[in-house]
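You will see chain A twice below: alongside chain B first, and alongside chain C after that.
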Partner chain A sequence: MRLVPKEIESLWTLFTAPAVWAAHFLLCYVGAAVYCAKRSSWGFGFEWVRVGIGVATLLALTMILVSAWLAWRQWGFGAQDPPHDRPTGHDRRSFQGLATLLLSGLSFVAVIYTAMPALVIAECNP
Partner chain B sequence: MSAADMHEDNTRKAQEERLRAAWMAPRGWRYFTAVNNTRVGLWYIVTAFTFMLFAGVLALLMRVQLAVPNNSFLSADFFNQTFTLHGTVMMFLFAVPIFEAVAITVLPQMLGARDLPFPRLSAFGYWSFALGGVFVCGSIFFGAAPDTGWFMYPPLATDPEYSGIGADIWLLGLSFIEVASIAAAVELIVGFLKCRPPGMRINLTPLYGWYVLVVAGMILFAFPPLIAGDILFELERMFDWPFFDPERGGDPLLWQHLFWIFGHPEVYIIFLPAIALLAMIVPTFAQHPIVGYSWIVLAAVGTGFLSFGLWVHHMFTTGLPSISLGFFSAASEAVAIPTGVQIFVFLATLLAGRVVFSVPMLFAAGALAIFVIGGLTGVMVALAPFDWQAHDTYFVVAHLHYTLIGGMLFPTFAGLYYFYPVMRGRMLSARLGKTGFWLMFVGFNVAFFPMHIAGLRGMPRRVFTYPDEIGFNVLNLVSTIGAFVFASGVLVVIWAIARPKRNEPYAGRNPWNAGTLEWLIEMPGEDWGVRSVPIIESRYPLWDQKNLMRDVDAGRFYLADAAEGRRETLVTSVLDGDPVQCLRLPGPAYVTILAAFSLGGVFIFLTYHWWIAALVSGAICAVCILYWLWTGTAEIPEKREKNVGLGLTLPLYVSGPRSVGWWAMFITMVGDGTALASLIFGYFFYWTVHRGFIAAAAGPGAFWPIVGIALFAATWGAMLGALAANTRGSASGQRLLLILSLLMAVLGSLAGLAGPWTHAMTPSSHAYPAIVWTLVIWVAVHGAVGAVMQGYCLARSLAGRLTRDHDIDLRNVVLYWHFMLVSAVLTFVVVGLFPLAL
Partner chain C sequence: MKAQSVAAYLLPVGCLVAGCSDAQSVLNPHGAEAESIALLFWITAIGGALIWLAVVGALIYAGRRHRKPYSQASAARLVLWAGAVVPSILLAVLLGYALALIPDLRPLAASADDDRLHIEVIGEQFWWRVIYHPPDGQPVVSANEVRLPVGERVTFSLKSTDVIHSFWIPPLGGKMDMIPGRTNTFSLKATKAGIFRSPCTEFCGPSHALMAFTAVAMKPGRFDRWLANEGKEAVNGKPGLKPFLANGCGACHAIRGTEADGAVGPDLTHLASRKTLAAGSLPNTEDAIARFIAEPDEVKPGVRMPAFGMLPQDEIDAIAAYLARLE
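The block that comes next holds the complex of A and B.
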């Protein structure tokens, strides 16, 4: 059995990395909001929320890297340059690979943006 | 001419006659029954522009009032109505519908399709929009317009004493229009994915199509939260269910969340389609393919996602935890990346090509200049500390107008000048266009730039006047002068469009020398759209494929004939554009108009609490829709397959995931599921924010919700069984299981309602029983709709319209029940089992 499946790319894989960004964003926002609203009934401090955000961020970045690697492979590891505008299945797959790779890059940066407030904010306030 | 040539010529003429007859849009007194995308799109554009001019007049009234201090041109009350209606109309009746209007008009042409897959749905959407728009706009003539701002914040807007009937008109009128938007989204997604010409793989599609896909997808996730919010809001106003009343466990902030989960993506729903027009215009006038096609796809998809992480930046001053503000501030900054990518791609394309200067290009350049300023102030207000200073001042007014007018109005005018020949066969006056542009560009900046300064000096938005000698006078006078210059520019362009042009010649074919398929159109265009559906091998086929126009005109490609006198278009596969079906499309109909007007009746009568009239109107609407489905969909063709030309034979009837109807159901249910998720978000929002929320009143218990889950699961199983029986060819087994599942669906709905009923939960007493009732009613109504669908399938089966080989209806209803099962389980677990876990 292969560790990485051979061909899993479809139209939907284009959206993998942004979907990871969305899930990470929601998790951070909902987690922090619920904690801050109910902090008195829970027996741990805000630093654990920050640790949680850190762990979630590492997980999300790893998933985006996997998606990026798959996209890079679909793009043929950059063997051919864009624009990928010939009417062939090969160019169609290369285009999908490149677009997915670019989206992975954007999502990677956006996940780091999301995590940054947790570096500097140390309490719920209010 | 040889005998063979003459024969070919005669054949071609006969084909054209048949095509023309099949596609002819009705004339005379049946004019408005047309469903052709060219005609519906035109009505849509004209109607949206009319609303825009109306809202523009409202803006001028406001500017006159604000021109001098202590003015009494408008009363405070009327001023409130004016700014509320101005914002509402511009957003809901112009900016979003103009996207749908332009897309319905040009997308099929760009894809070399004869029409979109559901022409009657487009017409239905248009009539809903037109009726709802007239209703909302008309209210101001009776002094009954909404007057609490275009985002309707409670508690001001929930209190009937303060806000009058205007708030109901806003809520119900706009809910009705949102139906039209979702209809358009379904139509456009399926159109883009399934109705491309053969050979147009996903890497060759026009960029406009990518934007349409992203924006329509965003509508599916952005509009349902607003619909959910509208439902809660109207339940509070009509029946005193206290969703936003803090004294009875409600919370006004929930509305702000639901509104802005819609409201911020909406800004991008408005902006992206306009940028999409630039993505078509810029390559044409650079005479060069777009540089960085994949980067545009990155930008469109990336913006689509990130725009959902911005909504709280409208709520920075509501006292949320600082870390929440941080998350949303970060996403608001991140979205500048893909937005900037698009602008750089356009600049690179212009640098790589040889730019032809023209009116569309002028508007495009003006758009970029204005939008960049709006984007920069956007980066400023995305920073929470800056926003605390600028919030609710004229700085925000200036910012939002720079983004919307630069990001939407100017590109739309560019698109109008560019695509006018596609729509009407003639060019617009370049002289008037240039005059109009400069008046608009200068007037806009004169009007709106001073507002930045007024805002920083502390002028709050929405004040109907201001005192003398606090430093606002000159700035406001300049803004008013600028507004009138701007308006005069708009009028010049409107005149260029509206003035009679009967004596002017038609434009030549492809007058801008563009590369994409919409320019195949003849001048003036025929109702059939494209003479034959070509095979595509390039992103710019008119530039790269030799003799394409000649061969299309000669009918050398697919569907050059309408042998059976029917409207037909090709359906292709999503990724590679392989032909899979010859789809027959319905023609003109009254029933769509009647369905839209009776549905409008429901919303309008509810505004005035005319319950019986609303009920009757709803019944008429249901009958219309059933009649429309029965006579116009899932038609069994007279033969299995059809030769579509070039030796290709395609099936006329396909069902399941290969059919367009299945995709439409899937997409609709995604939107529907988002609305339910928004209601469930409301439940957990209360639980998070209000201590002891669930203990505040008796709950629905666990028994009835569990019974509900069991019954809906059994219904779902029976539907799977019915489909299996039908596939085996056992009509009687299929019918028996349909009857069984129909009964269980009804019982499941009743069991859901029994939970709160048997525990005497009073919805007006507290927000907890109110939200529980809302959730179970949501499921019960969906169960009832599902039961109607089951009954419909049964009737179709008995009438011989649903058979083993013709099972579109059954497969679509089974798909509905997949979603229904998830909805029911989720809801009953939340209301019945979640309280036990606490």
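The block that comes next holds the complex of A and C.
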């Protein structure tokens, strides 16, 4: 028996990667804003916010890769070409797998773009 | 094509080019920040034009030269590479380049430097209160004009007393909002001397479009002499001061060296040395001053200054003549 079943009869898996992207986005922006508002009472520097964003980014990318691999498997590793538009359960699952895979790709790139400012921004606005 | 119809086609082009008048153009950089913004603009614009040419070229090729269907596999490959992979890489490069500019566009740590000129600018409906804080010396209050020395980084503290305004000197650098209850700090460094028009860039009420200031980047020696003069009291030589005080103008306007010490409206101590009148609304002439005294609301809808058109014309003229000589 598989830990995660191959044929998931739910739309929720489709949103896993975008949800990780959204959570990562909020964590980065809200985290930096809260730190800059409260920094005087917190005893660590902005470099730790950047490290935190780096760790959150690696975690988010890992989760998106897992989601992408599950989606790839659900799509049958590309055994059949799209558009998967016949009215069968098999095509429905393949379509969902491909859509999830594409959304995972988008989310992967978006998470990297979200984190990139942390490479150059080294301090809060005074 | 007739000459007239050529002119009809060229007219809009002429208007567009006129829109790039030097005084208010980001493409006419006179500051360190503006130079990197202008370069970013040209890279983006030329890159966008090249991509547009490639897309339209592919369209023409597919529609005119290669009028046969493509296999689904090669179409999918084209969509994957030209539609997803290459744009993602180009955007990542462009984003990385733009982000790498941030530390120079917003040099924050340097803002805290105490031994340089610091200018406080407060946005009010619909004018700018400007207070110079030289590193060694008393603050100097002025209005509707920001002067800064070439080659020195100047720190700006941006505030607002009423609604959100936005501070922008296009040929010098990026803009920053002025938010009630907050002090936003940023800095600018002019690299060449010049005179610029700086509009308010956040809609702030009926006279938003009439809220601008003149920015003047000057050689450091000239700037020091100008600031020393700006800090002096007004030289009082004309009879217009008496009606100015008698009609209560001093309750809102200050003229240092006289009894007028109001702080509601712009400081007028050296009004005549400014390039424009009423925050960029009028040329700074005696006639324009007289008109603004008589009907400020006609010039700037929503202005807080009441109209003084009921005064005898000779008193208005005397006040205008006095103010027009406050160098």
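Just so it is clear, the second predicted complex is superposed on the first by the 116 of 126 C-alpha atoms of A that agree within 3 Å, B and C clash if a C-alpha of one lies under 4 Å from a C-alpha of the other, contacts with A are read in each partner's own complex, and residues count from 1 in each chain.
Heads up, the rule we're going with is that a residue touches a chain if its C-beta (ideal position, glycine included) is under 8 Å from a C-beta of that chain, and two chains touch if they have at least 3 such contacts.
These numbers come from a predicted model, not from an experiment.
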Comparing the two partners chain B and chain C, which touches a greater set of residues in chain A: B
Chain B versus chain C as contact partner of A:N125, first or second or both or neither: both
Chain B versus chain C as contact partner of A:D81, first or second or both or neither: second
Which of chain B and chain C A:L14 touches, first, second, both or neither: first
Partner chain(s) touched by A:Q96 [first = chain B, second = chain C, both, neither]: first
Contacts of A:V109 with chain B and chain C, given as first, second, both or neither: both
Contacts of A:P117 with chain B and chain C, given as first, second, both or neither: both
On chain A, the residue positions that both chain B and chain C contact, one per complex: 109, 113, 116-117, 120-121, 123-126
Chain C to chain A touching residues, read off their complex: 72-73, 76, 84, 88, 91-92, 95-96, 99-100, 102-103, 106, 108-109, 111-112, 184-185
Contact set on chain B toward chain A in their complex: 199, 201-204, 289, 292-295, 297-298, 301-302, 304-306, 308-309, 319-331, 333-334, 337-338, 536-539, 574-576, 688-689, 691
In the complex, chain A residues that touch chain C: 81, 105, 109, 112-113, 116-117, 119-126
Footprint of chain B on chain A - complex, ascending: 10-11, 14-15, 18-19, 21-22, 25, 28-29, 32-34, 36-38, 49, 82-85, 87, 89, 91-92, 94-96, 98-99, 102-103, 106-107, 109-110, 113-114, 116-118, 120-121, 123-126
